[in-house]
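To start, the structure itself, in structure tokens.
Think of it as A, B, C, D, E and F in the order they're written, each chain with its own count starting at 1.
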Amino acid sequence: TPESADRTALPGVATGLAVTGTGGDVLFVEASLADGESGASGLTITGQLGEVMQESAQIALSYLRSRGAELELPVADLKDRGIHLHVPAGAVPKDGPSAGITMTTALASLLSGRAARSEVGMTGEVSLTGRVLPVGGVKQKLLAAHRAGISTVLIPARNEPDLDDVPEDVRSQLTVHPVSDVREVLELALEPAEAQVPAVA
Amino acid sequence: TPESADRTALPGVATGLAVTGTGGDVLFVEASLADGESGASGLTITGQLGEVMQESAQIALSYLRSRGAELELPVADLKDRGIHLHVPAGAVPKDGPSAGITMTTALASLLSGRAARSEVGMTGEVSLTGRVLPVGGVKQKLLAAHRAGISTVLIPARNEPDLDDVPEDVRSQLTVHPVSDVREVLELALEPAEAQVPAVA
Amino acid sequence: TPESADRTALPGVATGLAVTGTGGDVLFVEASLADGESGASGLTITGQLGEVMQESAQIALSYLRSRGAELELPVADLKDRGIHLHVPAGAVPKDGPSAGITMTTALASLLSGRAARSEVGMTGEVSLTGRVLPVGGVKQKLLAAHRAGISTVLIPARNEPDLDDVPEDVRSQLTVHPVSDVREVLELALEPAEAQVPAVA
Amino acid sequence: TPESADRTALPGVATGLAVTGTGGDVLFVEASLADGESGASGLTITGQLGEVMQESAQIALSYLRSRGAELELPVADLKDRGIHLHVPAGAVPKDGPSAGITMTTALASLLSGRAARSEVGMTGEVSLTGRVLPVGGVKQKLLAAHRAGISTVLIPARNEPDLDDVPEDVRSQLTVHPVSDVREVLELALEPAEAQVPAVA
Amino acid sequence: TPESADRTALPGVATGLAVTGTGGDVLFVEASLADGESGASGLTITGQLGEVMQESAQIALSYLRSRGAELELPVADLKDRGIHLHVPAGAVPKDGPSAGITMTTALASLLSGRAARSEVGMTGEVSLTGRVLPVGGVKQKLLAAHRAGISTVLIPARNEPDLDDVPEDVRSQLTVHPVSDVREVLELALEPAEAQVPAVA
Amino acid sequence: TPESADRTALPGVATGLAVTGTGGDVLFVEASLADGESGASGLTITGQLGEVMQESAQIALSYLRSRGAELELPVADLKDRGIHLHVPAGAVPKDGPSAGITMTTALASLLSGRAARSEVGMTGEVSLTGRVLPVGGVKQKLLAAHRAGISTVLIPARNEPDLDDVPEDVRSQLTVHPVSDVREVLELALEPAEAQVPAVA
């Protein structure tokens, strides 16, 4: 979509799917790393997120801090550089853990310098070990993705049965990837390294 | 206007437009950097700001910390020098993200040593990547700018349709720039580097 | 069980038994240690845990910090590396100290590089000196373990009398180990060092 | 007055004018800097001050930290020495920003070693850039100053019109200086450097 | 008693007497010191203690930090090693200062490597100077000690008159030591240095 | 009195006079400094004190940190050694600033190694510059001092008129010193340096 193409043009932004008070909606998770010379440190979380979403941000970061080296991500960039995760105002997502893989993707995009694919939206809780755990609202989230022009959707493998509830005409226009580990998410959601724009350094 | 000319005479102050309980109003965002020898650190935010406005201050700072070097701003000045953002008492703005570009401009003015143009007022949410996102209350804000003698107004590009609601006699007396990236904001809102007063050092 | 086998495949995850609002249930405690180069520090606890469960996490960590060397665990790994304990969403356990030995096991698994045995579930308060103290809800917890396909259960020695309340058909299908010191827990719950996968380093 | 002469005998104390629940009153703002060897740091604020008054203390300090060197104040004294601002019990001022210039004067007095003139009382909000902004209650404050034997009063220039409300017999016995920048305040309120007692060192 | 013998087998645990909602009860105070290599610091207090009990823990620690060297305790062990004081779940003591000497004893036991005598229970507020101050509930506490098989009880000297309220058959089976300084407490409550197990080092 | 003689036997304890819910009472303020090797830092305040009393403790400490060297007190002892101010349980004083000079005396006693005179009780607010400011409840406090066997009482000079309210038979048995600066307090309240017991070092 034009909006997600614009928003995800630079590394550090990923497209999530959320349940709001009025159905499903698309949300953008943005991540930034402060210049190492600018004196920032720690994790800042903004966007008026609920307690559980704030915990998801911490889990995404801990996952990358403990497993990021195996993913060939430059985890030392997380040291002495302030990390900021932000969800810009817009649709207000209900609190819950389902933005976990979107937050992990935004951070991994920033670290790798690989922008997120603008045609991909996702939902899923992430565990500290990188497992993708099932979430609620899959039907509303897929309807929202479809409305917003998203063509590819990542859902937790354990949510596959929920696809039965999605109207066939919508379902048939979406490519849905059930995933069970966050490594699969990153492979599907990030532009290939070949097309890599330089990482924020 | 005399007031905004006085208030923005020195680098570090930018003129914003806000919705208050009684319509629109002009507000001034002030930024200071402590002398490196004076032992301050971190970000102090004052002015009895709401939660969302405080988050906007953090986003403005994170944007400059991560992208400031590309803008040729001396981001190392943000290290080991306490940063203070203040909105002096006066009109009480409703809480919201629309002071984001004003806060970013005040900080960039301070870092660059380029004072803000006193004839420019602005409104717009800023994202971590520097996108200018749409806000509410554009009509009241333009009426307030006009009343206060502001001649040039910056609004988010996605708010252009709202200009239809502004009375023609007001609209015709204002130069309105729709902007979509904070780089455009800084180019339009800061005095040229040639007219630069020395940066606070 | 398939789920606990999947969840405990890597070191750092242990299977606990909890009382929830609707009976007993299985919970997974996950632990991670940040890469020493990634700049994390301190203990992060997530999972919307109650006050008493958060204290249990602190006790588990203090136990390992004061006695871990005697257990030949590399306690220096706990320095300058952020520790994160998380209980993923799912069954919401009632607040209480009975996840103490599960939390201790998750951390010891991570430090030793010895994965937890997927067939073992456990419940028990842990004291600062490593004593296993009695807990409530033993009957519901054993029923839940049985339902979930757990074959071996560790309970506090002082809870042995509660086994009388467990239906004989369930009791006979479970191997129950009454334990009084957390050293016994670790011996029974962790894979032998021979089968050791490399520690997170 | 005898009281303000006693209270302002040493550098670090300035006389302010406040609105209380029962009219106007005089208040004393005290500042101290810890001995550099005594291990204190940061800013301590006491006196049961409201939120806005606490922000005024932070603004006063940030002003001096960013602009103090231009005023030839030894701002390095603010590093590694705990700063304490206190308003002793007595009249309870309504919360508001009008003690800003009094707080700035107390701190500048301490740094310069120039005691405050005991015959001077003052009111005014201070901005981060040192502008003196208008306040409320000017009439009650001048009546209180007169009652307390204060002979010279500093008010914000933009409050000059409020002088019309002060009874002529009181007005004629007071020397009133409208001020618009805190530099004017310091020149009028502090004893000349010639009469300087040694700075707290 | 078997339980207190088990709980106090290692240095760092002391037996206290408390008033609960249902009379008197025995409680165990546990202390641990983190391995110096494990990166812990500061004081952690757990056990869902009330505000006053938490203050008692701080007083016990400050007493040892300021006077411990006179007692030939290795106070440097308190530096750079996280201290944890815990009261395991069980009887819920009413909030109050009467666990002060028990907390001091647990910490002194840990530092000295001298285990607490399992036959000794105690109650008493401790002052910063080590004075033992009087407490309430002496009668219920002695009845609880007797029920639990404790044979020796330490009470504040100023509580001696309360012994008149204790039934003669209980009183005659207990050895009661009135104490006025915490040094007496430590002499009576800790195993002699000769029987010393090695200190946690 | 026997009690105050016992409590003030060592440097670091001063006797104050307070208003409680049931009249006046004597209170003891205790101060301790951690051994420099024990790793403590900062100011700890215990005794369930109200907000204003906690501020008094901070003011007492800041006074000594900024002016202590003039009093020939070893203020460097305040660095890298945790300071603890405690008011043991007993009479619950109403919150207020009147323990200020007692807190200052306890700290100065500790630093100087000069014990407080056990026959002296005191009340008075202290300002950051060391002025003794007037307080309430002088009559009840003197009655309480008399009841407790205190023979010498220090009150703020500006409270002298309140002595008229004290019954003549009590007044005639007390030596009352009106004081206006905390230096006078320390001279009257501390044992002479000649009788000095060694400072806590």
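Just so we're on the same page, a residue touches a chain if its C-beta (ideal position, glycine included) is under 8 Å from a C-beta of that chain, and two chains touch if they have at least 3 such contacts.
Quick caveat: nothing in here was measured; it's all calculated off a predicted structure.
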Problem set entry | Third chains touching both chain C and chain B | A
Exercise. Does the chain D and chain F pair touch with the same residues on each side or with different residues, judged by whether over half of the numbers are shared?
Worked result: different
For this session: Compute the distance, rounded to whole Å, between the mean C-alpha positions of chain C and chain E.
Result: 30
For this session: Please work out the Cα centroid separation of chain D and chain E, and write it as a whole number of Å.
Result: 52
Exercise. Where in chain F do residues touch two or more other chains at once?
Worked result: none
Exercise. What pattern do the touching chains form: line, ring, star, complete or other?
Worked result: ring
Exercise. Could you give me the chain order round the ring, chain A to chain C and onward?
Worked result: A, C, E, F, D, B
For this session: Enumerate the contact residues on chain D facing chain F in the complex.
Result: 6-7, 10, 12-13, 28, 30-35, 37-40, 44, 46-48, 82, 84, 86, 88-90, 200
Exercise. Which chain A residues qualify as touching chain C in the complex?
Worked result: 41, 51-52, 55, 58-59, 62-69, 75-76, 78-81, 96-97, 125, 127-129, 131, 133
